[in-house]
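In what comes next, subunit A is part of two complexes: it sits with subunit B in the first one and with subunit C in the second one.
For the complex of A and B:
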């Protein structure tokens, strides 16, 4: 989405010029932290969208995975990174549950993840009695609020995971298979791509990424909050869609997702600085999503009207003009 | 079916009688694969499976049986009335989503429209003090307009329903909270409270209203041209287009109708609860899908079952009240909902596969 980068720059510049306190190191750190969380949330959704499905239970898996990690930090004697691993494993299990139902039985990803989101939320809230887990180790909390050379540790963590995911989707066979399945399920199966395996795998990956985002969110909050993720639905879809990931699947753009997340972060931060009511964030973010959908649709219509039928067909599947690569990172 | 000459097993002479008997046995075999000539047992099995509401009727009966034997107090007048009122609300919520499912789409803005309508109702009936009936009609109109807006974007703008309703949901919530200025409306107006407690033949008025709505929706989809056309659009956009059906108008109206019903559900819920609880509608997304899907409506559109949705709404209410009566933690209601939804989807799939195999 070519307009994303200028939009981000313009918004950033506008806010910096009109709000004196916006252009400060402290605010940049806050922005990067917020951006990191938004991107982390979007990663899990982005990969599933690329496969042609979706994951409504992203927030619930995030809560469960985060809680599992916090619990491990408090009660097991494991080192911190293994506690992270516990959470990621829980996320993987939840994702596998989804992937099994979607892949094996061919059920709609929407309904399966809608149902499983209720189940996972129930488990998370029921096990904790809606009481947050407190007393987390200092090293964990430092991840959430600390900085590394002026840059929030959260941002560093998420940046690494972004690079990993981008490389995985672009350079591994499995990543390519996910995109092929999303692009044209029938053709991909004719070519020998195992639909069940790919769907299972991508939902597993989504679960792991969801848990990753959940753990990081709890680090930022400083406690094991069981009701996180309930508002992840819009954010997890908005950033990828704005960024150019096709809702129908087959194409994703990691850079686009990051820029889309950046736009959303700037909007929410801007609302705070301009001292508007907090609800304006909802309004503006909703508007941005709808506008992004409109713009993409306009691009499609224009390419059809200009007689560029091949572009229309190609865009309808991959959203790129012919000649460009399938995955742009 | 060829004569005896075509029979490869006829090596030599076969008596004509035997040949005819053999031929008729083959015909019998072929007929028994034809559902119309199936034996009684097969017919009964086919009949049961063909009922779309089987996916909800069985769990409902099981649940009621469990409650009957373990907690007969569930069937006290008070409890039955409360459950019936809640069922009425869930039915209308389910019908709202059904309206959009009929064209094969989904309305993620349903909770937002409901919450917004509830706020509009509270504002109109308490701050502005306009007549109750006008306030309710205005609320319904607001819901319909919200639905129409998303319908226009989806039908005429060609946008994806999921993304559009997701974005608009947040938009509506934000606008509503801004417009209400976080004003707090404790309690409800007199007439609304009376609506919540009134009953006819010891069934809450809310349930009666929901029943009327269900009948209206049923008649719309079953008997009116616009309803049948909407189902045709859901079954196949292209076929409907080539049949001179105004596809985009039907889509837009389906969304508008969904918004209208979402607002109606909100009115009933506020009346039932006797106070404005904005968190109420926000939990409706999952139930709004469970009721229709459980009842047998297809997510892909073209086929809806109002009876199934009514039973689904009833199941949801019985599940909710039943879990309270059984002393189960309320969180397990969410768990139950999720499980029930997955179960419903399974049953639906199995049904479709079975019926396809039977040639039905």
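For the complex of A and C:
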């Protein structure tokens, strides 16, 4: 996504120049926090997309995981990081449920996660009786609103998880297996990939990341809102897709996802600054996604017509070394 | 480790049965492969070779029968188990990951079978992959993208992958289906090297000359039964063909065709592909069969793509029946100019595997089976498919059968049939018989001749010299993207093959004494072993 960085810069510059209050330390902190949440949400979707699937229940897992953490904070008396752990485990369980159905029965990820999304949402709303959980510990809320030397703590947390996910997908056997399955499921099976296990794993990972995003969102809000995940879906798909992750699977770009999230964040922030109605956020974000899809489609078509998927993926030039031709004819 | 005696079988199958709905794929099959033995497995398409290999490789499970590895009963449930037991399989289906680098694809087995938390560095993978690439004399950058490679190179990548598993049994299913002589020779050398290291190799090929060149033993499968096994020394090409088809082999040669008109159906002048210097000019007469011969990568498919509008030319002209035309798309080529192209990649590119035979047959021409309101006339579609099935002798219970369930040769016939019902005036057929058995091959040849006799002008692209000389009226020889020779085909194999190979090797004609060692080999393989019925 070669145009993504310039697009971010142009939009940032335009807002800075036209809106005097945009270019301020306080606003930058707000932007970074908001960016952090969007990135955190997108990561959970990105990894499943890379495996050739999707996770519609991302938002409801986020809500459920976040709420579980808040419950633990209020009632367990455990140290904070263990309360986080409770939420992550709940996310892992939800993800495993999805992964089990997808892997074991070969169901489509769309159907499974659409169904489980309803179930998880109902559980979240039922347990809280649609009331936000209040009275969360101050140390938790500080994570959501505090900053370290001007950088929001949220941003630092998410930056760490970005690095972890990127390393995990790039360097571990599991990451490679996810990408292989997404890239060519049939070939992976001939080579003996453990499809069930990989699908289970990637949905589990997605659940954990969703819960993590949910916990951070609740820290930012300062309360356990049971409906936080209801508006995650568009952004969670938009950022990876704008960022170059192949919707068909097999290729992901963590950096691209972050830049895509950046664009979405700037758009929504811009809407606030130029005092448009809040609905415009969705209109414009939707427009960005559609435009990105059209642009990329054209580029993909061009690459495929030339028989060169790799130019689309920017994987470098031909595999031939200079000098000898492979087939001397 | 049990101490294994030199003669103990690496793999031993006994009484293997495998049924699919409606077919018995394997019946009472037994097979023994010893260490240091190259064991050939031949048979027509649909004889059960691929099923047998899938069972050996753990992709499929036999319904009954015994499977011993190194003398001990084994219960292989998956390709992973097979690999853990030292069995490495190159499947006929292309299986690479398009979003991975060349090196990652070479070491795919290792990556996919690794534990989830094992750590990978691309650089380390690439360094190790390069060794296997070098083994096959492949000068490729392992960090390069795999989608930049030709079909032949991809096949070599997969061979490198099979080699990357240090196996005691290496199974190669049609390893040379889409690669040229020179590349095949480096594969054959590697196989010999493995044999010397006491690795057992099960070698499946339709190219009998390869069987004779490297195999020690050969087993013949026919209709799911092993009909013969013997030492290669004690058998002949004619024997093998007879055993494979189950009857005495029909006449090898086709008569010279007469009565080709002088009318020019297609003329190409100085046609240039974008980004290339070479240009091509040739004429195709009405009712003529023109052969395009060259090694893989000589630019024939690319030229065909440029002609039919799949790629845009950067210069030159195309004339159809004397009129200059500008073809913008494949759809336009077919609808407006009745110019069809049967692609090389029929298994995946030419067919809708999830659809029935009849839907596939009408895929290119659904307009013609459409009623006035725009709905498809199902019964007309079916009757045309039936006709096509009869004409091409497609072996399927009904035309409602899904194409995915057909054997390779029959898939190819369906793909050809799709274009035949489109009733083209000019047909370009790319590698019409790659990877299909002798009987089907001859059926396809007869079909092409019949079409030409009906006045269809046909270009046959083939890397199989035997096929070219058997089938076509005139031969164009391609090298490095250019047409370097044109010969009227006398169908005299010895003379024609010498002439054509001389072109390929860059000589006008004449003595071969100057040829280098490699070229000698190249010639030897193509002119002697390849000659029909030497035995």
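Basically, the second predicted complex is superposed on the first by the 303 of 329 C-alpha atoms of A that agree within 3 Å, B and C clash if a C-alpha of one lies under 4 Å from a C-alpha of the other, contacts with A are read in each partner's own complex, and residues count from 1 in each chain.
As a working rule, a residue touches a chain if its C-beta (ideal position, glycine included) is under 8 Å from a C-beta of that chain, and two chains touch if they have at least 3 such contacts.
It should be emphasised that the depicted structure is a prediction, and the values quoted were computed from it without experimental measurement.
Trainee: After the superposition on A, what does A:179 contact: first (subunit B), second (subunit C), both or neither?
Mentor: The answer is second: A:179 touches subunit C but not subunit B.
Trainee: Based on the superposed arrangement, let me know which partner A:142 touches: subunit B (first), subunit C (second), both, or neither?
Mentor: A:142 sits against neither subunit B nor subunit C.
Trainee: Between subunit B and subunit C, whom does A:116 touch in the aligned arrangement: first, second, both, or neither?
Mentor: It touches subunit B, and subunit C stays clear.
Trainee: Once the structures are superposed on A, label A:75 by its partner contacts, choosing first (subunit B), second (subunit C), both or neither.
Mentor: In the superposed model, A:75 contacts neither subunit B nor subunit C.
Trainee: May I ask you to decide whether A:297 touches subunit B, subunit C, both, or neither, giving the answer as first, second, both or neither?
Mentor: Only subunit B; A:297 stays clear of subunit C.
Trainee: On subunit A, which stretch or stretches are contacted by subunit B in one complex as well as by subunit C in the other?
Mentor: Dual-contact residues (subunit A): none.
Trainee: Inside the complex, what are the residues of subunit A that reach subunit B?
Mentor: 54, 101, 105-108, 110-112, 114-119, 121-123, 125-126, 233-234, 237-238, 241, 247, 277, 279-290, 293-294, 297, 301
Trainee: Spell out the residues on subunit B that touch subunit A in their complex, using ranges where they run on.
Mentor: Touch residues, subunit B against subunit A: 106, 153, 157-160, 162-164, 166-175, 177-178, 285-286, 289, 293, 299, 329, 331-335, 337-342, 345-346, 349.
Trainee: Give every residue of subunit A touching subunit C within the complex, in rising order.
Mentor: Checking each residue of subunit A against subunit C gives 171-174, 176-177, 179-180, 182-184, 186-194, 201, 246, 250-251, 305, 307-310, 313, 315-321, 323-324, 326-329.
Trainee: Which residues of subunit C touch subunit A once you look at their complex with the stated criterion?
Mentor: Interface residues on subunit C, with respect to subunit A: 58-59, 78-80, 82-83, 91, 93-102, 104, 108-109, 111-121, 138-150, 152-153, 180, 182-183, 294-298, 311, 478-480, 504.
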